[in-house]
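One structure coming up, written as structure tokens, with questions to follow.
Chains: A, B, C, D, E and F, in written order; residue numbering restarts at 1 for each.
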Amino acid sequence: MHELDTPTFRLAMAQFDQAAEAMELDPNLRERLKLPQRSLIVSVPVRMDDGRVEVYTGYRVQHDSSRGPTKGGIRYHPDVNLGEVAALAMWMTWKCALADLPYGGAKGGVAVDPKQLSRAELQRLTRRYAAEIFPLIGPEKDVPAPDVGTDAQVMAWIMDTYSQQVGYSVPGVVTGKPLSIGGSLGREEATGRGVVYVTIEALRHLKLDIRNSTVVIQGFGNVGAHTARIMQECGARVIAVSDVNGGIHNASGLDIPELLTRCKTHGQSLRDTK
Amino acid sequence: MHELDTPTFRLAMAQFDQAAEAMELDPNLRERLKLPQRSLIVSVPVRMDDGRVEVYTGYRVQHDSSRGPTKGGIRYHPDVNLGEVAALAMWMTWKCALADLPYGGAKGGVAVDPKQLSRAELQRLTRRYAAEIFPLIGPEKDVPAPDVGTDAQVMAWIMDTYSQQVGYSVPGVVTGKPLSIGGSLGREEATGRGVVYVTIEALRHLKLDIRNSTVVIQGFGNVGAHTARIMQECGARVIAVSDVNGGIHNASGLDIPELLTRCKTHGQSLRDTK
Amino acid sequence: MHELDTPTFRLAMAQFDQAAEAMELDPNLRERLKLPQRSLIVSVPVRMDDGRVEVYTGYRVQHDSSRGPTKGGIRYHPDVNLGEVAALAMWMTWKCALADLPYGGAKGGVAVDPKQLSRAELQRLTRRYAAEIFPLIGPEKDVPAPDVGTDAQVMAWIMDTYSQQVGYSVPGVVTGKPLSIGGSLGREEATGRGVVYVTIEALRHLKLDIRNSTVVIQGFGNVGAHTARIMQECGARVIAVSDVNGGIHNASGLDIPELLTRCKTHGQSLRDTK
Amino acid sequence: MHELDTPTFRLAMAQFDQAAEAMELDPNLRERLKLPQRSLIVSVPVRMDDGRVEVYTGYRVQHDSSRGPTKGGIRYHPDVNLGEVAALAMWMTWKCALADLPYGGAKGGVAVDPKQLSRAELQRLTRRYAAEIFPLIGPEKDVPAPDVGTDAQVMAWIMDTYSQQVGYSVPGVVTGKPLSIGGSLGREEATGRGVVYVTIEALRHLKLDIRNSTVVIQGFGNVGAHTARIMQECGARVIAVSDVNGGIHNASGLDIPELLTRCKTHGQSLRDTK
Amino acid sequence: MHELDTPTFRLAMAQFDQAAEAMELDPNLRERLKLPQRSLIVSVPVRMDDGRVEVYTGYRVQHDSSRGPTKGGIRYHPDVNLGEVAALAMWMTWKCALADLPYGGAKGGVAVDPKQLSRAELQRLTRRYAAEIFPLIGPEKDVPAPDVGTDAQVMAWIMDTYSQQVGYSVPGVVTGKPLSIGGSLGREEATGRGVVYVTIEALRHLKLDIRNSTVVIQGFGNVGAHTARIMQECGARVIAVSDVNGGIHNASGLDIPELLTRCKTHGQSLRDTK
Amino acid sequence: MHELDTPTFRLAMAQFDQAAEAMELDPNLRERLKLPQRSLIVSVPVRMDDGRVEVYTGYRVQHDSSRGPTKGGIRYHPDVNLGEVAALAMWMTWKCALADLPYGGAKGGVAVDPKQLSRAELQRLTRRYAAEIFPLIGPEKDVPAPDVGTDAQVMAWIMDTYSQQVGYSVPGVVTGKPLSIGGSLGREEATGRGVVYVTIEALRHLKLDIRNSTVVIQGFGNVGAHTARIMQECGARVIAVSDVNGGIHNASGLDIPELLTRCKTHGQSLRDTK
């Protein structure tokens, strides 16, 4: 299918073929799992603040729903295309299945640079995109989540658009929404916590103990900062962190909570921290 | 949108731009009418008679629904792709609007050579394709019809699949179905009759009368044969017809009904007719 | 299926087999058309005027819906049972198909003697029965009508119960309802008119003319009286009519309108008429 | 209602009357609880592997839904009839109520010998039966389960047919489905575990202790084998088991796990075991 | 019910009581027909062009739906209140019943001066109001129409809001919409034509002929101008018309088409016409 | 909006303005939260036992649903009017939000004195009222509960009416229903328990311990009696209780369980107790 033929999708296909080969997957199943079940492309006309109508292209791909409702983020990025979205949807199927969650994989996106839009334009884009994919999503069908370029606010708009269409509030139509309308505690730190869990499991394989380990972390944004804090809580000694602006090192261990407070209070980046 | 970027779609876009230019269409409307509203790509796994599962790619594109439910054929052909289907859907919008019918334009298709399939395989392919596009079609949403590679039987299978899903018989979900389950009289000859109507209108522009005209027709299948018959009924003298195998000419006019009977009764092509 | 095994159903089966034999019906189709598609039996608890709860048994059988929504009356009679209802449903399929109406056949009923019920009890029985068969009926699924022991008022109750359940007025869920809520003109005389049409067709076969015919009619209720009147309007000479109480004869033709007026005005039966 | 009049239903009625008498049940309630609320009979045409169409009769009876959605198995057996299914549905109402589960009672079945069908025929039979009873079942209406002649695979087909009709995966429409699509752990051994629980309760009444008891079990299939294993885990001494082929006895107690392994590994029946 | 207690509603009640008295209406029916079946009050928050949120109050009253879906206009006027809307809804019931149309009566409105709103604000107000009354309206439930302060454009927005919520175009949800999306020909002149029909009927009672009548018309807007034109077409001599700015008189009859053209072409009011 | 203008609603508005002032609430939000989102007024015709039809006025007001489905009681009292119901609905929004429950606020009622109705009339009133507000309520939309003049039995009738309309049992449509159909344990004593919790929190603020406190309670009905019992269970000394008939005092503490038994067993009021 030439519509999916992009480098990302070719990569996902190659990985799939390799895994299917290794597990001697039944050829019939292989055929069915290779391509996404449903791919929807929608035009998203948006009235810009200056009165013009700009038309963006939106996507929603559901790779496989045989294990339950599909689940996957929505990405706003100028390079989004069908092949990329389809590859990410397929990876969501494997992620959910490996974690034994009763979900299939999906992914969506709009080819747009959200930083070029005003907040009002972003809202109109999101609401129109949500209205167009409405027949395919729902708490028992397909549940979006934030991804690159989208956040809790975007999820709130999607939830509100969906809720207006059915006539009552439906919090289950998205995850990653704000706490005040039913979002989950701990979601912000969830990726960092996942990094720690995976690290601990890897150490167990290597017969190492996190409590005797020293840790160096590259990146100190949402993921890296939470990783550093949780690593330390688990007993590791975090001796260095860095971000795009610089790094900080202390062989006897950094005081991560103090570092976080300083960054937050003074708006400092790591460069300004000594 | 690279997914649509095929020669057929580029042609449709060029035509549209030219018309939009000529009618000085509002730029905002132009943006919105250029791209289809919704394009759905589905995987259609089919169990072949030999037990293998073959996965085909199906499409359904709805170009614009602001004038009413969308309407458009379903095409089974190996070369079907998203760009072609989108171009045909756009043309359906213009056709319906020019004839002032309260319908928008749509088109669908499956990339398959139907002549390579057994009747049972064709049925399974059709039923699965219909089940996958189910959320987007319906008598008040989008109404398929036969097109290249599909016929009344295929429509009957789509109608039956849709009807089973809602729980009662829904003849309005397709047009071009068999007469016995609610199809329309005259549909078989409709295209030929349309050719005659257009010809008569063209003659009127040229201040000519169909009753003094001589007619030559290339093609003597479903379209050409009915055109010949109706032309004659309208008073024209049909002096020659031809098909892929040969032709027949009589300057004082052919006896079309007799010719049709001979072709039908003896299974003759024009080559065998003298 | 022993649940259907009653004399009436055996009769319908024998007729069907004979017809199927005569038309050399495909054995697979024969198997499918022999038994009704769906048969629903419901318990209908009714609070009687004296406070007791009486539980009646109701039926709704849909014989075949492949030609369209099913259609058929609802009968209140102590002898109603599943076999009889199933036979009548099958006959409705043939009747609709022979008249080339886009309907399948159905029938329903309750095993109750309506003459033993007060009007309030009859209403409660009807509303409860309608509520129980609700998932199977509807303007596009299955449309009841009056039959033995039911009338326009019973249809009005069914329509109202159905309408309350969907939340708005649905006249299409029954036929034979009162004119004031959407019933059809001419329904009361429809059966009598049908008798006349059939008679005229039979006469045509026999090369006879209705205008030179003399007519004798047994029964002078809703069917017989309208038959007599319409026969006369078509030019026949009605020389005798009779009912359960007696008969009246006049070799030069009865004055049917005058007879009808007398019966209606003076509440006379034929016995009292000279 | 003669349609239900079978020995099994008469037995259930007699039991009910006895219990109603004992508890002095209100006569009005007694009338309402005697007969099932809804009984659906459907024709199930199945294309056999040799091309013939065979039409089977299927049933679904909902006895009483006032305590919640109805619940009950689906039985494939040549002797299934409406009376039997209705009796089993009534028993399900009592079972659920006695265990204080928020469910009413239902039961279903098809009059067919599943051992005479190929796997493909069994699938087609099941999917068609599920499609026909579709309007009455659902997670909040009526939830089927496996019973005599049906298993987790049959439930998977029903779940898939239902899910296709609503357009997304609905695991809650059946219980007893395979683990991989949402089935419950422990279901296979559930009946055996129930036998043990009931036995322990009975012993408590008799002031006996399971740990000083010796156990003899007739039957060593799914129920008996799990019963034997769990009895032993609870401290009982299982001194003999038998099945249709023979028996095995050891006064000082059998080694059940070893016996189970031998049966499973070597495909032995008890006859071959010494 | 004090919520309805306004002069307009008291007037409607008095009229109703008088009519009910005259026709000796059954007291039970009288009680039921006095008050509207359902009255919905909604808050309509609108973001104004300057960023403020203004909250308007909207109404939709359904007086009686026993004859079919309810029907009635939507009024935008600062003085709209529940009592007025309820009175107008009741009058719609009588109007539809007298004309023997299968509709009940309804009415709606928003307490707002539409002339104070920009077009964008008017659109947002209308779409939000439509979304709030969504659960009560629909082609088979309740069908709005234009009224004081609303027009075809407002109907188009309501239709579009409704259509977006159900997912496909629903022209039947409003009447009085633009021709291009399914409006009816002749609607603009309908009220004027109605005035002429009523006049002709009144003349017939008086044994007068429209063709020998002279006509004077007060008002020359949408209603008056069409009345004048149609009166003349029916043979009457229109000798004078006037509007808020002045009048024009010609004892031998005005040339209405010429007058209409002059008003339209030169944007003149009657004052400027001589 | 004059329809809401009653003393109770003016009180609620004044409280809201004061709180909004104190928390410096965004003026736009203030506008939106001041008025209820939807207010439905319905006519409720009831056939009285003597055959007359009496028409009552019912209300259901949903104040704000942005935090989840709305929740609130249904009140039967002659003085119920729209303003009061709207005020109570608004208070429910604040109560749910302060307790961080994912619900918005609603309230309903009928202007009727339930003590003047027979049980059958009360049932017919309730079922008709429930049918009329049906489009606005549901487990995911708006969930009624008992309030002044209504009880678990009224909730059971509402649940049954709603369940009949959707076709299966829906316990989630009301709270406060009887235990046997899914009600919650502890609901009867819930208000009394709430009084104790609030008292304990107040004591904590005052640095006092419930175990050293003496308690005097005015009222010994459902709320007071449970309060007394739970206070004592928490360690307080209840030295006096009173009701409309008299009081009882014992400085060393009353024996509340004994007092409750005496009241219940002997049907005594406090006056008869010594």
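The rule is simple: contacts are C-beta pairs under 8 Å (C-beta built on N, C-alpha and C of every residue); 3 or more make two chains touch, one makes a residue touch a chain.
For clarity, every value in this text was computed on a predicted model and none was experimentally measured.
Here the chain-to-chain distance from chain B to chain F, counted in touching steps, is 2.
Copies chain B and chain D of the same sequence differ in orientation by 180 degrees, per CA superposition (steps of 5).
Here A-B and A-F are compared, and the pair linked by more C-beta contacts is A-B.
Interface matching across E-F, A-D or B-D places the copy of C-F, with more than half of contact pairs shared by residue number, at B-D.
In terms of their C-alpha centroids, the spacing between chain D and chain F amounts to 44 Å. If each chain is reduced to the centroid of its CA atoms, chain D and chain E end up 64 Å from each other.
Residue positions 135, 167 of chain A are each in touch with at least two other chains.
In terms of inter-chain touching, the protein chains here follow a pattern that is not a line, ring, star or complete graph.
Residues of chain B that touch chain E in their complex: 65-69, 102, 104, 138, 140-142. The touching residues of chain E, when paired with chain A in their complex, are 131, 134-135, 164-165, 167.
Residues 167-171, 180-182 of chain C are the ones that touch chain E when the two sit in their complex. Those residues of chain C that touch chain D in the shared complex are 1-3, 27-29, 31-32, 34-43, 45, 52-55, 57, 81-82, 111, 132, 135-136.
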